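A short worksheet on the structure shown next.
As written, the chains take the letters A, B, C and D, and residue 1 is the first residue of each chain.
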Amino acid sequence: MSGNTLGLLFTVTSFGESHGPAIGCVVDGCPPGLELQAADIQAELDRRKPGTSRHVTQRKEADEVEILSGVFEGKTTGTSIGLLIRNTDQRSQDYGKIAETFRPGHADYTYWHKYGIRDHRGGGRSSARETAVRVAAGAIAKKWLKERYGIVVRGYMSQLGEIPVPFACWEDVGQNPFFAPNAAVVPQLEQYLDDIRKARDSVGAKITVVAQNVPVGWGEPVYDRLDADIAYNMMNINAVKGVEIGAGFASVAQRGSQHCDELTPEGFVGNEAGGILGGISTGQDIVVNLAVKPTSSIAQERRSIDKAGNPVMMATTGRHDPCVGVRATPIAEAMLALTLIDHALRHRAQCADVSVSTPRIPGHIAK
Amino acid sequence: MSGNTLGLLFTVTSFGESHGPAIGCVVDGCPPGLELQAADIQAELDRRKPGTSRHVTQRKEADEVEILSGVFEGKTTGTSIGLLIRNTDQRSQDYGKIAETFRPGHADYTYWHKYGIRDHRGGGRSSARETAVRVAAGAIAKKWLKERYGIVVRGYMSQLGEIPVPFACWEDVGQNPFFAPNAAVVPQLEQYLDDIRKARDSVGAKITVVAQNVPVGWGEPVYDRLDADIAYNMMNINAVKGVEIGAGFASVAQRGSQHCDELTPEGFVGNEAGGILGGISTGQDIVVNLAVKPTSSIAQERRSIDKAGNPVMMATTGRHDPCVGVRATPIAEAMLALTLIDHALRHRAQCADVSVSTPRIPGHIAK
Amino acid sequence: MSGNTLGLLFTVTSFGESHGPAIGCVVDGCPPGLELQAADIQAELDRRKPGTSRHVTQRKEADEVEILSGVFEGKTTGTSIGLLIRNTDQRSQDYGKIAETFRPGHADYTYWHKYGIRDHRGGGRSSARETAVRVAAGAIAKKWLKERYGIVVRGYMSQLGEIPVPFACWEDVGQNPFFAPNAAVVPQLEQYLDDIRKARDSVGAKITVVAQNVPVGWGEPVYDRLDADIAYNMMNINAVKGVEIGAGFASVAQRGSQHCDELTPEGFVGNEAGGILGGISTGQDIVVNLAVKPTSSIAQERRSIDKAGNPVMMATTGRHDPCVGVRATPIAEAMLALTLIDHALRHRAQCADVSVSTPRIPGHIAK
Amino acid sequence: MSGNTLGLLFTVTSFGESHGPAIGCVVDGCPPGLELQAADIQAELDRRKPGTSRHVTQRKEADEVEILSGVFEGKTTGTSIGLLIRNTDQRSQDYGKIAETFRPGHADYTYWHKYGIRDHRGGGRSSARETAVRVAAGAIAKKWLKERYGIVVRGYMSQLGEIPVPFACWEDVGQNPFFAPNAAVVPQLEQYLDDIRKARDSVGAKITVVAQNVPVGWGEPVYDRLDADIAYNMMNINAVKGVEIGAGFASVAQRGSQHCDELTPEGFVGNEAGGILGGISTGQDIVVNLAVKPTSSIAQERRSIDKAGNPVMMATTGRHDPCVGVRATPIAEAMLALTLIDHALRHRAQCADVSVSTPRIPGHIAK
């Protein structure tokens, strides 16, 4: 495949450009019998939708999803699910001038050399607009994981630029446009991002995603490890430059006596592993961090070249997020859910008959 | 597949347990006509081999590779290449006591619950011993990339525990057991690791891998991005807990005006992107960092449980690396080379006819 | 995947039920730069369309295709191509009574037991309606094969029930509703099928598909053989029960001295092989035969059971083709074209650099 | 992949040339806990082994299999299973003269043009010797299908050249070198094949393979249909030119009223479908026919060309089967078993939770 299908057993095959008639996908492998309606998907899409606060792009997309197949009388049938989202707010005229030049930090130069042709309007296929279909597909995955295994997948912004956001509670996450898990920090984040925007600049962010209640035993042992597939899925999100599982880069300076989740009958002592050992889930929380780079589109003049190789100066005007990380949380959740459902199905394929009398110990307890 | 095949067009299908008769793999998709002999592979295996310094495990494995197929009269034929490495130093008796208990930080507990059975000897399938076959397969990938495109893939240790290793020069890397790119730091590393070992502890490390001369245009646009496949491959290495491309987690606190590789006719100004934009190579150096956690096997008593769920105390004796990161460099290089060759072949499949008159600008110049 | 994606490098991911809002697919892996517009696809769809003669179902479907992505300013961009066909003539009420019973010869019983739920309206996902998307995707494949390699893929009906249709000329094929390559036989076919229809019965057919100008060297050696992938693709067509390459089942009674395409500098002597040796194309015509079973839906009363397992009698009324083979030719062409383009891309991936001085001998000459 | 891996969830990745040091494969996806030893595999290999009667090649291969991994204390562990068969009877000198010419009917010409290099010794990778690894892998599949579901996969020769072999009983199959299911016909087959051999000619055969006790509901609905995957697997066997499911090509001349397995509470009435409807198993016997072409290697002079394109005359001497179909039965059984286990695992992945109260009706009853 040419990079538009995600997953092995639960697959998402995506299409669509930012300024074409529509984006959408085919979700294949969903188990039959899941209650599903467009509203289930719409709820997740609305969390990611642009234009909902001053901190994100002012592009107004309805992002209204239509289920074209695979659902009958309110339940999935086991056949492929076609999802369609029409594009409605396409101001292609804004993008005319980028047809002949390459925006720094964007995929313009690389697409051009790879394909020899590109739909430049709004980034075309490389636009973050495509992530809407992941959120839509992820909504199905999330629902199945929840209903079948009680798994909860959710995320939050753990850092905005230089400002760390200490986790306070899950309830706060949905109460602010940043997905910040700490209401007290929100005013600071708002001020900070307003300043960035006024400086015609942008900034990066760190997102944390957590999956709870994942059973022990999901994942593959050597390649296709659960953490490897998570890293793959996360790095497939536009602007992501780093992925950590559990202790992540902090483990470089740790000792073995420290990075060690001891096992006790009462539970694991600590979760340095982030819920995965040897590529397989431990039953603890799966904890993932992402580094999201600053939005490449800023309204400052920068050097670039045109298609003929001549030097040009360009500022990327238009309607852009000052921090693409602000809307990244629902996308990261979707990608984690998609990884998990794929491994849930894989696990059933090979290990459906496995029965072990050893008790499964609970998630981590205090050290 | 159940997690033992890597790649789409250039595939490595791996088998073998630490204490079984042999490990090996099938390499499929290698273009025909590449000059190849066992010695080419052996040279890379010897770089990774245990028992070569006091800083790594004292297990003595010859790691002698046999080419079973796919090569005729010194050249690859385009058919699948069978590689076999017999295990020779298997002291299974050392591992008898871990049959009934789960070593903290290892895959014992997760394998047991996944499969209901495991070859516990030396970690069985989860042993880092399996990485030898990746190095063997990677040697083929490296050779082809070098000969066909002039691509050089190489790596080094950039941090050992708390000690950063500033890059001095590539020549130093092969002159010390740490793959440290700075001869001046080596005595400090030796002392540091001796102390760790004496404390019956272990420590993490950071590895940096670089690919030079990769053409612009390799990678896929949405999923199967080049950076996503790199992250996947790297996170598939035992003990890796984090992956960064280019600026990585530093990009969280960067501004868009800073994380921005401007384009000029003379070249890119900076390489924050780490050689990849929109999932596709830019032609700049591809730069990847890995976080390797401390060796989980340490000779200190720790809490665990046995198969019946009872609490036990256990120290993992045996012959272990005090820092698994020390031998990780050749493995990381192999994984990067395997990612690249797969995308090289993909690129030829879809874009063999593409011709672009736009000049390809060179790698980064000073800011 | 769960059986809705076809191909490895040029993939078709299909969705849609007979009586849902739409059918469609995502075509991925199409090389960039191919001139493509909806009319190119529509022309092939119109060849397969129902309701065009009295010999096929009277369902009236416009089968109008919309290109949703992957084409920019009249050329493919290398990104995924979304195709959408809205269903317009859905008389669901006709199908109410089959909700509770299983039509003999149809997929009703098997879908029901596999999924525990099914969209029974018009066969739902198992309807031959889905083949429209293959024809649409195949149109793209055909166009690329033609323009890039001069390959011509076309087919004809070689037998209708007991009546063989001797090949006269390609020109005749498009001049009658049967795709019969022999105008003289058409009146006999019309009478024959009228009689079948009046008898409220149906009948089988044999379809022959030929690809000309395929270069030598496409295909894989052991699995994924070109003939194996053709057999797979053809047997994926509804109602196909047999596939032959070249001499096919006639080879059972042949001698080696007879089933033998000798090589001469002027060309192959005969084409018993049907253009494929050792899974790889020889450069001769690729010749494939399909057996299409009689339409399972007939207006005669037959025994069946209902969902509770009780015996019932049922006749399948509605608008059905008396011979599904009549419309099978464009579908079979599409499936052959899709196989070929996938192997064209695979060949470029692994063997793009191969150069052989041995002359390529032309297609077969008279024995 | 480049055509050396079979299957999606239960995969066989094969390597090895006829005259290289060894052949073998990696079997991945086998569920854990299956009792398995080398003798289980050896028994199937011995059924296919050359040199066991005057009707097959006199090459003497021990075909002794070694299990290299994936089995611990007599049970599969769920990890990949490495299988190795050393080549022992390699008379490469016999093949020197075919290095420069292309044997008619063989893969010599096509491999040469595809790869630009080939191991010509004994056909190299294209040799039927490779089928030994399929039989080995198939033995594992057979054993699991038998123990887990009671499925029996077995086959027989149903025609040798012009001589049909009417099915008498399964017991006869193992009592003669032809796998003929009818002891009374064996003397005729022996005489017939002796005559063919004396005429320095070869002949084709038809093989029938049957799987009993397959549950209803295995297979995929649109692509990856169970019959499509069977056709694919069978056509991947050397020398196979045709595949039929159930009525096969006979269905061309059938009426819908005739090709129709009515359903009754007592069972299906007839099995024209060959156990598969809509790509999914019905619970009836799965019945497959293969056409095997005559051995291409015969000791008669035939026309060919050499690498320079010059005309040559050549007779293929050496040790060849006068009818490759004679040894094809165990291979075809293996390929059917491999198809079934893959779909067994797929079914568990997606439909493990499906529960249907509708009774499953038994296999076919007399019409």
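The working rule: a contact is a pair of C-beta atoms (placed from the backbone, for glycine too) under 8 Å apart; a residue touches a chain by one contact, two chains touch by 3 or more.
Bear in mind the structure is a predicted one, so any value in this text is a computation, not a measurement.
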item: Comparison of B-C and A-C (more C-beta pairs in contact); value: A-C
item: Centroid comparison with chain A (C-alpha atoms), farthest chain; value: D
item: Averaged-CA centre spacing for the pair chain B and chain A, given as whole angstrom; value: 25
item: Computed distance of Cα centres, chain C from chain A, in Å; value: 39
item: Centre distance in Å when chain B and chain C are each reduced to the mean of their C-alpha atoms; value: 45
item: For chain B, residues that touch 2 or more chains besides their own; value: 1-5, 8-9, 14, 29, 32-33, 78-80, 114-116, 125, 221-222, 346, 350-351, 354
item: Residue ranges of chain C in contact with chain B within the complex; value: 9, 29-33, 78-80, 148, 221-222, 345-346, 348-354
item: List of chain B residues in touch with chain A within their complex; value: 1-6, 8, 14, 102, 104-107, 109-116, 125-126, 130, 159, 161-162, 196, 201-206, 216-225, 227-236, 238, 241-265, 269, 272-274, 276-283, 289, 291-298, 300, 302-305, 307-311, 346-347, 350-351, 354-356, 358-361
item: Residues of chain B defined as touching chain D within the complex; value: 1-5, 8-9, 11, 13-17, 20-26, 28-29, 32-33, 66, 68-70, 72, 75-82, 84, 114-119, 124-125
